[in-house]
């Protein structure tokens, strides 16, 4: 990863110095090794804190909505999964392709600091990735862990390591998609009884604190005014721990991004209560795939989405419910 | 929350979203033909079945509906040509999703009822009411605050 | 000092729960939050930081205040509070305890918030000393001693025992009710643990944060500091930091129509939200930078200026752990706190 | 004294007066027919329509009125819209009084007073003006400069014409933004009118109106030689609790609901520019 970071920094400096771009969106060093923050660099001098490591899990594409409206071109570093979101934003006219310079970067899967903590590793000072292993240095010593065990859950089921869009590429090593099937857990839930599923979601959603992190980080949630913030909508309630409002918020949010969600997994990554929110979106993805043909949001920046198109022979809702539709 | 096992004398609240051009006219025809359907079916007329935002369905449940049925023109017969094709996809996904959240699948339904199908309207409603009555009160997708003091 | 073997803690919980509600960190669906204790609940005192802070007990995320029944042109107001049964809040860390003191200054200041007060008075707080502080902890910066928190009762926990010391009248009453489960002793163990923890506390990376510039007299200078732009750039405007924060106290009051009158409730709100200051004719904070600045200025300057220099941050580090994009108060303190213009 | 901070009292709207096309004045008493609570000029109250919302309004009537309270309310949001659609006899809820009042018993005493208002900005000043009229002997000369978009937008025009104008040692100057048929008084914006009038800078001034009017009028006053420490205004921000707890109406370390709404210009100068 080190060589990737160096090259990224070098290119960022070149682009800024030559004036080709007015700003570069990347990551800068946080307080620790494991908390880099998305950042906008406007000059080469600011690049001192530039960082790219195994903890740069954040999807930067949503920042483009604000940043690319500013004067001049914006360069952005996109991991393969982020490039899907980028296309989706272009498709929805939230950003303009020509305003942005896309640098596709290598990603070997990102790490989850909470999983490290569960393994008893705290006060991490550095992490070196070595094939299937990660060597974690901390104030309390060095440990070697299997990388698969400490990946962000969104990376475990990484759908593709192919950049969907790029102006240039910084990739040194071959990248591999996730080993786990991303619909495994959805299928498991589908196999449960209604009552079991209800209990599962009730327990998970009861943790929700309605902080809106999932919504605000989601590149598909790009409404200028969310219906849940609009007093005139009649649902802008904030009775944060009312059971119904939790259901309502998550159902409506999942539905609103259905067919547009690229499965970037940011919602689950940011949830302070670790609710597996991606399982909501994946149900829609799975249903769309089964009922209306395989569809991956963000694969292209044009074309219709499953919910804005139809065929005359689409399945009947009642058949879908009875499991008779294919 | 306790699951209700007792079902005696339970009359469900049913919300039926009916498109103005077919299903609402179908309900009208049922009425003028003296075909009955239960009084606890509350019809909400919408310009097209496609007008029904998932939020409406949730709102209905929040306010105490035990079942929600959506009726529109038969696919291909939409007054606005294609509206109900979109409805079909939307509601397939929404209802499937609600079921994934553990909401009983018998609580939701989509039926196509034309303006000429007064008898069918009445039969559909009777059947749906029966189905929801057997299922019992909606406890999984409802706002307890609304029902407070009842 | 009293002690009880760790494996007998369930007996202690059961005993307390016989007469009072017991709120304690409980693991549910993988996350630890304060919840009412019951047989079979997975208590996790070892968890350093519950996701939600215990402020939830006195200032619930959602609280029904009153109901309005309307008939024709008339309105009837129904007070919805019931007699508060006594509660024990168990396992509060030093930082969270301090945070309750911070909240007290807001809610118990004249005019008193009677909703908060009733809960506060009905609750006995049992604090738990920390023995394994994390890298994100910085309570010592605010003068908090994590090894000896205040509270009605203070307890320490090691691998074998829980040690118990009551500090107040309320604490004595609780002690009397559970005393039969305890034996005397534990002073030496507690002292040893305190010493060991203090050593770790000194080594923590944020132990030396400099707050010297956060003074009321620098209010305008800090407010106008250009650094806010950059600090807030990555802020998503979600409310995670405010909802996990033990001292954030902003709330909203809203009405909800039920089949049985109109319910007026209050719920947590966040200064990070765009509609927080929205009025019919405008909004005083239109950019995320302004909202971000408000949050930290409130904690580090406005609140202290109104409360004799007491900061409204207790260094629990929840925002350090939970911010989706890793923005936090530490960055603000590092950027603005020690910079001296003279 | 407020026993219950957040639980309001029920009030009955006994009279609704339409002042301008978008301002109505509501007269409110308790269910027992008496005044709900005592207040001082400049203080506010939280008025609510259950199910719609609760808003802070300044109490327009003078504390010397022993029978009722009045609120002059401009239609501009959801609560005010419902209030405007209301009929006499309707109950609403009221809690208060909140905030600091104008220093009518301290700094204003014995002084010549200048009141400058624009549009609905007269509402909070009306309370002071009528208080001053009631205790006339305690105060010196009173000058009122009041402007609105048009003659129809002048709030309380009747009272101004029939009572204020006839009060001894009272000078009332009215102005409207654009010429209008039947209007033979001054035409022009308040700030420039204030400068034209060449007012005595030893007066204590009270300003209330839209932010832009306050800004330019203040400039004008300073040019005339007024001191900021003798110019008062009253602020308005989003409020939910009214008692300095809900955390949204602060300007710097001051809460408008608790430390305001009345501020002196020199006090405002010390606060960050966020209102």
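All chains are identified by letter, namely A, B, C and D, in their written order; residue positions are counted from 1 within each chain.
Here, a contact is a pair of C-beta atoms (placed from the backbone, for glycine too) under 8 Å apart; a residue touches a chain by one contact, two chains touch by 3 or more.
Given the structure is predicted, the values throughout are model-derived calculations rather than measurements.
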Legend entry - Most distant chain from chain A, judged by the mean position of its C-alpha atoms: D
Legend entry - Chain closest to the assembly centre - both centres taken as Cα means: C
Inset, instruction - State, to the nearest whole Å, the distance from the C-alpha centre of chain B to the C-alpha centre of chain D. - result: 53
Legend entry - CA centroid of chain C to CA centroid of chain D, Å: 39
Legend entry - Distance from the mean Cα position of chain C to that of chain A, given in whole angstrom: 30
Legend entry - Whole-Å separation of chain centres (CA-atom averages), chain A against chain B: 36
Inset, instruction - Among the residues of chain C, pick out those that touch two or more other chains and give their numbers. - result: 252, 254, 256-257, 269
Inset, instruction - Could you check chain D for residues that touch two or more other chains and list them? - result: 78
Legend entry - Residues within chain B bordering two or more other chains: 145
Legend entry - Contact set on chain A toward chain B in their complex: 186, 189-190, 194-202, 227, 234-235, 239, 242-245, 247-248, 251-252, 254-255, 258, 280, 283-284, 287-288, 291-292, 306-308, 310-312, 314-318, 320-322, 325
Inset, instruction - Name, in rising order, each residue of chain C that touches chain B in their complex. - result: 256-261, 263
Legend entry - Complex contact set, residues of chain A against chain C: 30-32, 35-40, 58, 63, 122-123, 139, 203-204, 206-207, 209-213, 215-217, 229, 231, 236-242, 266, 269-270, 272-275
Legend entry - Footprint of chain C on chain D - complex, ascending: 2, 4-10, 50-54, 76-78, 80, 87, 89-93, 236-238, 240-241, 243-253, 270-272, 274-275
Inset, instruction - Using the touch definition up top, name the residues of chain C that touch chain A in the complex. - result: 28-31, 33, 51-52, 60-62, 134-135, 203, 205-206, 233-234, 236-240, 242-244, 252, 254, 256, 265, 267-270, 273-275, 320, 322, 324-328, 330-331, 334
